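There are two complexes below, and they share chain A, which is joined by chain B in the first and by chain C in the second.
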Partner chain A sequence: MKPVLLLHIFLLYAVTWSFATIIKVHPAVNSIHHAANIAHSGDTLLLQKGIYKEHDIVISKKLTITGEGFPIIDGENKYQVFIIASDSVIIQGLQIQHIGKGSITDMAGIKIVNAKCVTIRNNRLINNTFGIYLQNTTRCNIVNNMIHSDAKDEINGGNGIHAWKCTHLSITGNSISGHRDGIYFEFVTDSYIAANTSFDNARYGLHFMFSHNDTYTQNTFKSNGAGVAVMYSKGVIMCDNEFVHNWGDASYGLLLKEITDSKIEHNRFTKNTVGIHMEGTTRVDVRRNIFQDNGWGVRVQASCSGSSFVENNFIGNSFDVTTNGTMMLNTFNNNYWDKYDGYDLDKNSIGDVSYYPVSVYAVITEKIPPAMILYRSFLSDIMDQVEKVMPTIIPDMLKDDHPLMKKLKL
Partner chain B sequence: MKQVLLILFVCGLLGLSSCQQQFEPVDYGHDACTHCKMTIMDKRFAAEMVTEKGKAYKFDDIACLLKYMKEKHVNSAKAMIFVNDYNKPDNSFLDARQAVYLHSEVFKTPMNGNFAAFSTDREAAPFKDRLQNNQLKWQDLETKPINQ
Partner chain C sequence: MKTIIKYVLLDLLKNKTILVYTFILAAITISVSGIGDNASKGLLSLLNITLLFVPIISILFSTIYFFNSVEFTELLLAQPIRRKTMLLAEYAGIAIALTIAYLVGVGVPICIFFYNLAAVILIISGLFLTLIFSALALLIFVLFKDKTKGIGAAIIIALFFILLFDGLLLSFIYSFSDYPIEKPLLGLISLNPVDLARILVLLQLDAAVMMGYSGALFKKFMGSATGSIYTVICMLCWTIIPLITAAGIFKKKDI
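For the complex of A and B:
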């Protein structure tokens, strides 16, 4: 009993000793600057509703900055607003807008530099060059923010959430639109991206570069200029995401380049020019995904090896699979192909003849793209039929020996 | 006579569109990099190679260009090579062989090649002093190993 009592007394005192004050801030010249200067570590700044025209606010103490009724902090298209250089800072309920553009420095609404355990939640970041910028940070949480830009000059714009040399980030429930890349990762490891919506960005909804052992799940990537790109990374887990309507000349639902030991599971690829484009990948498991109404379901370049495609549904794609060589070091098994017209005499719901998912016209257009103009013509139909009887052009190593007769319920 | 004229006209059209070796502007936000497939967005680091036959290959990073040339064993002597001026990113391309280069992590180029091109020594000077690193020429780039 006694130790418990002692502990209680200790805790009681601990609370009174560290009792943080709440500083109310009203819109005035340099009011946030002033409040941040006089505050002690552990205090809360409570920003009242209004417009604050302040910039380059450096937070170098452990503060909680809370907005009441979304106070607006305006960068006047010239400056950046928050620079967080301390651990455990929390920023919530603010609207940060009109960040300027710098040619050398990347200007952001909230910039976190060399800090740990910072939380940014429930903010609105509107018309900024970069929304949230993380540089050399660990264990930061970016939760439920709305990041949007109307920038017409998207080419010179920045990314919604930009992370560079970080570890253990958690980015969840954000909505990002109108930026260059929605979420950009460069040298970011062991991070978790979940339940975000990234749409109408000029380039990629999500962009990974040299970022290992990350997971992204339950995100929606819609109508981005070029879809999602995951490049030069190892151990990436992608599951339960939706890739919708990434349509255009150099657009991909998911572009994989130089990816090793990764998993793509239970995603939905709908109405993309190319569902998945793979180049130079090694040991990527593609399992239980739906490829529906894409131009190309999967494009596997000959430089890929050791990948497996198992239990996927291919429905209504113009071309299910295409490749640029005759070598195929990847396997396809137990997938459902709506174009499969084989039979199942032993009634085990697996087709008795192999399915060759690369159509002859897919091979031709891969080599001569303008030949697409004759697609679905009488000529191409004949070629398809002839090829079925006497395969000569299609890569015969690329086949599914156990095609499913019925669509998988995913 | 009419037919002859028509044939001549068509020939003329073909002639116009024939393969001249010349610079082709980069359509930012639409053109993809030949090497890494990324859409070219950052005007400061774009590069282009036009082959002897007049085919233009565009790149989003000078390192991509160098890597592509090495991988495909491009005869660089006959190709025209352009790099974007870091200081004047609005479609002002330089002849790669005349330009001067700096290599530093601060540039944060799209593919982490981290090369920036400048038109003259003087243009590069302010960066050079700040970064305290060596100025490079095209020949150095061609021989330098690329960390990508």
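For the complex of A and C:
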């Protein structure tokens, strides 16, 4: 009985010791600074509605900063606002706007430096250079923020969510638009990016460099300058995402460069100039995706190897697959191609003749892009037909031996 | 002039070839539109049909008709009528007949099945092709005295624009692929009305592919308002220049 009683007493004290006070903050000169100074670890700062013109607020204690009715913290286009240098800080319900541009420091609405378990949720970050900036952090949660800016070009803009050298991040439910890159990852491992919407960004919706073992799922990337780029990483899992309408002469739905042992499943690529562009990838599993109404469904460079394309739907793309050489070390199997015109005599719903997804005109325009001006002319149709009878130009190693007769239900 | 157009039209309707042409176009359009599960695929097939059939039929039929009605022409020329008026009236008659055939055969079904900008542009380019190739037929009629030679020339001209020109253009692209040839290409393409029509429609349909490297340049120009106006002016030139030339030659021609 005694140890239990002791435990009870201990717990009771523990509660009283950490009994957090709530400090109400009203708009005044340096009121947040002041509140952050007098607060003890574990306290809550309750920011009342209004406009606060404060900057470089360093949070070095475990505080919860909550806004009531979205109080506005304005950087006056000159400064940065929050710098979090303590573990377990929570920031919620604030509107942070007009962060300045710096050539020495990357100015951000909320900057998290060398901290763990920080939570940023339900904030609005408007017209900032960088929205949320994570630097050497672990186990941070970035949830349901609205991050919007109006970066005109790649040089002057910053990134919506910028993470450098972090692990175990969770970035969910954010809406990011008008930045340089929507979400930028460099040396970020074991992280989870889900249900975000990234659109109208000047460069990439999501930009991934040297970030291993990350998962991104159920995100929507729409109308970004160059789509999504995933580079120099291994063990990346991309599933249930939507890549829509990334149009332009150097625009891709998804750009993969030097990616190893990754999975791309259940995604939907619609109306992109190029659905997936693969360069130097190894063992990437592309399964059960929908490629619809793209200029090029998949562009697989000859430098890719060991990848497999299984059970995808290719519908209404101008060119389904294109490549830049004759060598093909990747496999295509059991896909549905709407351009397939073979037959199925044994009624097993798998076509009896192989399908060559690279059309002769795709090869020609890959070599000489201006030849696009003759696309779909009577001449190019004849060339396609001749090539079907006697393949000489198209890479004959790139074929689907088991093309499906019916569209997969995905 | 109006009387001549009226008689030419009446004669063409009696001829029934126009009716058959209309019927075939309508049958193809309806069957193609019914098959495809997506609209752009159906429109693409229709584009191919328009680019292939309209030039050949227009030029062949007009040439044959002009040569067959030589006696009617001679009879008319005995009347106090200007040669130019007479010739243009005959052209107008046959162009109107073919235009109506195209509108009924392709235009109406297209508007019923897929009513969008691409469809409208397809109809407009088809109409231009009809006008252009019947004007070329008039030029052939004026240039050649012999019917057989005339028909031969018509076939060659149609094949040239449909197939041969593109072949030459492709070999041009191949041999000069190391140079920035996008802009010269845009100029060269205006020399072929069939290509102009194709690109106008493709810009509406295959927009994503046209956004690729050099496609973007074509789209930037041809897809803009200036580009569209330029294309329409090119097509108009392709109609008017053969007509003026034909009228000029016919004026001095010894019949």
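Keep in mind that, in the parts below, the second predicted complex is superposed on the first by the 395 of 410 C-alpha atoms of A that agree within 3 Å, B and C clash if a C-alpha of one lies under 4 Å from a C-alpha of the other, contacts with A are read in each partner's own complex, and residues count from 1 in each chain.
Note that a contact is a pair of C-beta atoms (placed from the backbone, for glycine too) under 8 Å apart; a residue touches a chain by one contact, two chains touch by 3 or more.
Just so you know, these numbers come straight off a predicted model, no measurement behind them.
Partners chain B and chain C, once the complexes are superposed on chain A, both fit on it without clashing.
With both structures placed on the common chain, the touch criterion links A:C239 to neither chain B nor chain C.
Looking at the shared chain after the overlay, A:A20 reaches neither chain B nor chain C.
Looking at the shared chain after the overlay, A:A229 reaches chain B, while chain C stays out of its contact range.
Contacts of A:A371 after superposition: chain C is touched, whereas chain B is not reached. Of the two partner chains placed around the shared chain by superposition, chain C is the only one that A:K271 touches, whereas chain B remains out of contact. Of the two partner chains, neither chain B nor chain C is touched by A:A302. In the superposition on chain A, contact of A:A85 is made with neither chain B nor chain C. In the superposed three-chain model, the partner touching more residues of chain A is C, compared with the other of chain B and chain C. Contacts of A:D249 after superposition on the shared chain: both chain B and chain C are touched. Following the chain A superposition, chain B and chain C show a smallest Cα-Cα distance of 8 angstrom.
Residues 248-249 of chain A touch chain B in one complex and chain C in the other. Listed in rising order, the residues of chain A touching chain B in the complex are 154-156, 164, 180, 186, 202-204, 209-210, 225-226, 229, 231, 248-250, 255, 257, 277, 279. Looking at the complex, you find that chain C touches chain A at residues 38, 40-41, 44, 47-48, 51-52, 162-163, 166-167, 169-170, 173-174, 177, 181-182, 185-186, 189, 194-195, 198-199, 202, 206-216, 218. By the touch criterion given at the top, residues 247-249, 251, 271-274, 293-296, 315-316, 318-319, 365, 367-382 of chain A touch chain C in their complex.
Contact residues on chain B toward chain A in their complex (touch as defined above): 28-32, 36-39, 41, 43, 108, 111-112.
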